[in-house]
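Order of writing sets the labels: A, B and C. Residues in every chain begin at 1.
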Amino acid sequence: MSDTTLTATHHDATHAHGHGHHHADGHDPNLQHHFTEMAQQFDAAKIGMWLFLATEILLFGGLFVGFGMQQAKFPEAFKAAHHHLDWQLGALNTVVLLVSSFTMVIAVWASMTGRRKTLITNLILTLACAGTFLVVKYFEYSHKIHDGLLPGKFYSYAHGQPNEYIFFSFYFMMTGLHGIHVVLGMVAIGWILVRALKGDFGPGYYTPVDLVGLYWHLVDLIWIYLFPLLYLIS
Amino acid sequence: MSSHAHSHENDWKIYLGVLLALLTLTVITVGASRIDFGSLNVIIAVVIATVKASLVALFFMHLRHDKAINSLIFLSSLMFLSFLLILCLIDVGSRIEPKPANWKGPDKGLMSPRDLDKPATPAGTAPGMAPAPATEAPKPAAPAH
Amino acid sequence: MATTTTPVVHKGHEAPKDYLNDQPGIWSWMTTVDHKRIGVMYLWSVLGAFLLGGLFALALRLELLTPKEDFMNAETYNKVFTLHGAIMVFLFIIPAVPAALGNFVLPLMLGAKDVAFPRLNLASYYIYVTGAIMAVAAMVTGGVDTGWTFYTPYSTTTTGAVTLMALSVFVLGFSSIFTGINFVATVHKLRAPGMGWFDLPLFVWGIYATAIIQVLATPVIGITTVLLVMERVFQVGIFDARLGGDPVLFQHFFWFYSHPAVYIMILPGMAIISELIPTHSKKHIFGYRAIAFSSIAIALISFIVWGHHMFTSGQSQLAAAIFSFLTFLVAIPSGVKVFNWVATMYRGSIALNTPMLYALSFLLLFTIGGLTGIFLGALSVDIHLHDTYFIVAHFHYVMMGGTVIAFIGGLFHWWPKIYGRMYNERWGQISAWLVFWGFNVTFFSQFFMGSQGMPRRYFSYLDQFQPWHVASTVGSWILALGLFVAAGTLLASLRKPKDAPANPWGSKTMEWETQSPPIAHNFEHTPVLTHGPYDYSPEPVGRRR
């Protein structure tokens, strides 16, 4: 069942040519049996992750469309409602996520260029930023709960305009779904960190770091749209 | 192969530059929101956000140097999402809703869903009439589609 | 027509190892990452769902023999037709061809050892099982009476297990998404050396186009079911007019997925037909590129026609007119395919065997279904026919006369490869005739009563419709008999030894170049492409197509 090795077409692809440790028969231990080359496996993994990101865009997109439709229907109520949001905390969270995206791409770059310490440091920094984001959101949510500005039937804020509760339904659904993705992202980054500490990654194989990085950037991308639409429209 | 590794050594500078651009654009977003452009507010906010998103996608997510298929996947998802948005907006934006003769103006709306009387609905029957039918909604369609 | 792979010939008396027996025991199946085993597990699961949904259908048709209540009251009837629809759509027809046949055949057709992400493939199967369990749980804990379309505000206010069923749809959506992701990546990166895009069998093009839809459309039903649950449980205010929401918005969201979903259903069926007809006509496919591109065109255009399900729902006339126009567009690539299949058969050496009989049934029945879809795409006609039995007949002609019949034909076609046995050909043909006639009696009558005004989803009706209903019910019994004969024919073959040749049909696609059933890793040596998938000419005709 030997693989007839193909003449390795030298891709211009982002390099995943295996020059790490090899088995006796020359195969990188990270090469899965149904692929014939590391570059092929890497490209396939990337396509797979981008397809998954496409599904996330459409998932969140539905919420954005719903938000847009309701905002078009109740512009005054939405305008009044968003004043309850602290734009400074929102801006802080935006900065935090942008920085976390930076540390994440540095981590990917570090794994690509063999900088193990940089990789580990930046994964930890990314986790720290993500944690900060969640802490800020915790304070925001606490404040809302205190004021009775809750989603759907839990909304009990007595002042303000009619239909403002619809804004808060969307606020909690969108930031909540986003928050769930932040938590899942932290789990994924944590797993990558554990593997990085074990020395699993290097210039010959860093695919999981790259893929988790892509996911994390998407989490940032979604917030880039959430922030102005929820916090800033006036 | 090993030559590839060298060409990436200075990438961190590009990433840092992109981060600074993103932070600057964030400041601009906040600043622009203080000015009332009327109906353009949302558009301006979305345009700035899109510039930021493009930077993240092109540089942080490596789309600039990556195979075209990945960009195609990303852009396709946005394109199809836009179909949903556009056609829904066309629908809602072009509905002609004649008002009844005793029209008194739009319903005020609820302060909270708790203010809604929720009739119990036994299985198999249509929900009871709401006390204050929302008049923003289009005419009710035939039941059980 | 030389190939570089030869079926394994084992000396000695023991049966050659294949993917079915090389690792024994249930645990090896439950933890398999072999696409063939996963395909087989999916196959039996979707057939179980088909049986359950079919029993519900027989029950409905039995109740409809008379206009009065026979053994189901109205509430029960509502639940039964809802569950019939939901099971058939979400548990059977959406996964069936891609996840059962596609999983098995696609890597073999590409000359690959597996799909791109084998573990994701197994995850997709277990997610399907989870969703199926949730759906069954919804059935037994109160049932759902909203129709499979869950329209608001009824679905947000009625009692019953709507929330659980909606969440099961959410879960099942992920199974479909993961299958789609896997297939796109597989087709891009795991083709055999020398196999370009235009060397691919058309089955691959069809499955690829389906996978695009699975990835891009399914997330929207995901968020729709989440929003439905949010509205139902928390009254968030998006779909319920009393809360400031818009019930038509639910329909926009729902059909944005569910219309492309019907192309998830039919494209794989068409993909199968594109294999059955050339193989059993021993003739090169007519218009390879037209068929290939039409699959992609259908996938793309399918996303912008969803409003034709909503002509009477309250969307604006402008939106309705736009959707009607776009709907006519989507018929064109389907028409191209039908013409090309018929042209393929012309002057071919046609074998009227079981797979071919099912393929011929498809040609007629899908054409009827597709044409009636065009009738319905005309706004003024649809105002009259919407929510009547005409609609029911239309979609059964395309979904059942189309996809299910193609699926059964595909099962008969690939059964020797999957299980290494030849079934009894005579009984296979009998099943095809019973299914064809039973289907037509069941559903053609419904066109008539629909155009005369018989509404759908009604458990009682005016006396004038009773003859049609009786005919339809009798047809359902013939159809059911045919399906049981088909199942029995295939099952009976499993008692025989595995004596099927590698290529019983003389087909030119790569899955037939390995033994039947295949070895665990598909091919002894990485196959090299030496001819096109439809090179049935006595001599190669110029450039491979």
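Going forward, a contact is a pair of C-beta atoms (placed from the backbone, for glycine too) under 8 Å apart; a residue touches a chain by one contact, two chains touch by 3 or more.
The structure displayed is predicted, hence computed values, not measured ones.
Novice: Tell me the chain pair with the top count of C-beta pairs in contact.
Specialist: Ranked by contacting C-beta pairs, first place goes to A-B.
Novice: Please identify the chain lying most centrally, where each chain is represented by the average of its Cα atoms.
Specialist: C
Novice: State, to the nearest whole Å, the distance from the C-alpha centre of subunit A to the C-alpha centre of subunit C.
Specialist: 34
Novice: If you average the CA atoms of subunit B and of subunit C, how far apart do the two points sit, in angstrom?
Specialist: Comparing mean C-alpha positions, subunit C is 33 Å from subunit B.
Novice: Distance between subunit A and subunit B based on Cα centroids, please, to the nearest Å.
Specialist: 18
Novice: Which subunit A residues reach two or more other chains?
Specialist: Those would be 43, 47, 51, 54-55, 57-58, 61-62, 65, 69, 73-74, 152-153, 163, 165.
Novice: Considering subunit B alone, which of its residues make contact with at least two other chains?
Specialist: Where subunit B meets two or more other chains at a single residue, that happens at 69, 76-77, 80, 84, 88, 92, 109-110, 113, 136.
Novice: Provide the list of subunit C residues touching at least two other chains, using ranges where the numbers run on.
Specialist: Answer for subunit C, listing residues that touch two or more other chains: 188, 216-217, 220, 234-237, 243-246, 249, 253.
Novice: Hey, which residues of subunit C end up touching subunit B in the complex?
Specialist: Residues 74-75, 78, 145, 147, 149, 151, 153-154, 157-160, 188, 216-217, 220, 234-237, 241-249, 251-253, 256, 303-304, 307, 312-319, 322-323, 387, 457.
Novice: In their complex, what parts of subunit A are in touch with subunit B?
Specialist: Residues of subunit A touching subunit B: 10, 13-15, 17, 19, 43, 46-47, 50-51, 53-55, 57-58, 61-62, 64-65, 68-69, 72-74, 77, 87, 91, 94-95, 98-99, 101-102, 104-106, 109, 112-114, 152-153, 155-158, 160, 162-165, 203, 210, 213-214, 217, 220-221, 224-225, 227-229, 232-234.
Novice: In the complex of these two chains, what residues of subunit B are touching subunit A?
Specialist: These residues of subunit B touch subunit A: 1-2, 4-5, 8-9, 11-12, 15-16, 18-19, 22-23, 26, 29-30, 33-34, 36, 41-42, 45-46, 48-49, 52-53, 56-57, 59-62, 65-67, 69-70, 73-74, 76-78, 80-81, 84-85, 88-89, 92, 108-114, 136.
Novice: In their complex, what parts of subunit C are in touch with subunit A?
Specialist: Within the complex, subunit C touches subunit A at residues 112-118, 120, 177, 180-182, 184-186, 188-190, 193, 215-220, 222-224, 227, 230, 233-238, 243-246, 249, 253, 521, 524-526, 528.
Novice: Touching residues of subunit A toward subunit C in the complex: what are they?
Specialist: Within the complex, subunit A contacts subunit C at residues 1-4, 6, 32-36, 40, 43-44, 47-48, 51-52, 54-63, 65-66, 69-70, 73-74, 151-154, 163, 165-166, 169-170, 173.
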